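Can you keep this structure in mind? I'll have questions shortly.
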Amino acid sequence: MQQIFCEGAISPVFIAEVIQKYSSDPTIGAYNIFIGQIRADTINQQIVSSIEYTAYKEMAIEKMHAIRSDIFTKYPMIEIEVHHSIGDVAAGEICLFVLVASAHRKAAMEACNEVVERVKSELPIWGKECFAEEGYQWKKNH
Amino acid sequence: MQQIFCEGAISPVFIAEVIQKYSSDPTIGAYNIFIGQIRADTINQQIVSSIEYTAYKEMAIEKMHAIRSDIFTKYPMIEIEVHHSIGDVAAGEICLFVLVASAHRKAAMEACNEVVERVKSELPIWGKECFAEEGYQWKKNH
Amino acid sequence: MNVSVLFFGQITDITHCSHTVLTDIADTDQLDERLHAAYPMLKQIKYVVTVDRKIIRENVVLLDNTEVALLPPFSGG
Amino acid sequence: MNVSVLFFGQITDITHCSHTVLTDIADTDQLDERLHAAYPMLKQIKYVVTVDRKIIRENVVLLDNTEVALLPPFSGG
């Protein structure tokens, strides 16, 4: 079963390596990539300086496996990669990287959108928004 | 006015550099990236080995400028980058790279989709599909 | 009979631990009662319960070595 | 009076050049006529005409040093 968790921030170099890995596959015509980055939001006059992610890892991996199966059944996909940070990720750093590769653009875009939606709503992961000064609040997804 | 044309294939390393460039901006929460890659399609028993792109460059750059303005008016965008190959790009190589950065996911995804759609339908660029054996045919967008 | 109970996210602010082991629990309704008695603040939190990593919506009988978890709303990404 | 005419994509398969300069052309209708006389195969190709990089849908008067182009359907990406 695919490992989806990375300790700390995800680097742009890692993202390039993943793209490179598929670049030799001449059946791929389109990649759609989503990257989530930590925003330095201001909440009650406090600035978010980092998010600390925790997860119920075993369940998340099982659930991700089910999502992958659903997406492969629904769309003509060639590959799906999902990488999510665990631990601290500072503002301006990357916490989520989803890549979908397909022969055609439309399938890649729709599938990527659906994977990101499901990763955010169905994977047991929690973000703790840590403030620059002191304190924290638990992140809420809408 | 932004230059959008790259001579030959676009490298994954260049894509990483563009992502890196924005990674320090803590107002960005989401990137949506589209990457187009040359498929080794079989057409009438001939395999496409490369696409040779030509363009009416001055018009394409003017038109891209107008598309950018429209997208910035329509969506809460932070940045848009469009890079398209000119000249030969081999099967398995990247010919189009669109990056959209926004505070939130939904705007990034919708804007990216619209930019890719408009780049393909409105920019005066032509692809000549060169076959491995010999000959070519002019690419058609649907 | 041992049942592992895992706590996540803001629930750990109430339990002050990520994990406990309870004995002699027949089912998830009884588990909820015992946890609410131990951590009254839990009543104010929205969460789902999993049994062996599947979300349950009704009372489920617990066997030995079952893994139960309390999951507040997810906020990954 | 000189008018530059640019050819792109599959139109270059007919013209065998990417660029020509025509003299004494009053407007785009007359330009089309002259080009069709020079390259009869052009009648079989779908294309739009631009004048100074704007697509035109009606006849346009051409001035000295105007840049005209014949653009077959785009196929970037």
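By written order: A, B, C and D. Residues from 1 in each chain.
We take it that a contact is a pair of C-beta atoms (placed from the backbone, for glycine too) under 8 Å apart; a residue touches a chain by one contact, two chains touch by 3 or more.
These numbers come from a predicted model, not from an experiment.
If subunit A is disregarded, contact among the remaining chains splits them into the following groups: B, D | C.
Traced through touching neighbours, the fewest hops from subunit B to subunit C number 2. Using the mean of the Cα atoms as each chain's centre, the chain most removed from subunit A is D.
Averaged Cα coordinates give subunit A a centre that lies 49 Å from the centre of subunit D. Taking each chain's centre as the average of its CA atoms, subunit C and subunit D sit 74 Å apart.
Centre to centre, using the average C-alpha position, subunit A and subunit B are separated by 23 Å. Computed centre separation for the pair subunit B/subunit D is 27 angstrom, with centres defined by C-alpha atoms. In subunit A, the residues touching two or more other chains are 36, 116.
Shown for subunit C are the residues in touch with two or more other chains, of which there are none. Interface note: chains touch in the pairs A-B, A-C, B-D. Considering their complex, residues 12-13, 15-17, 19-20, 23-40, 91-94, 103, 105, 108-109, 112-113, 116 of subunit A touch subunit B.
Residue ranges on subunit D touching subunit B, taken from their complex, read 6, 8-10, 50, 53, 69, 71-77.
Across the complex, subunit C is touched by residues 36, 53-56, 58-59, 62, 84, 95-96, 116, 119-128, 138-141 of subunit A.
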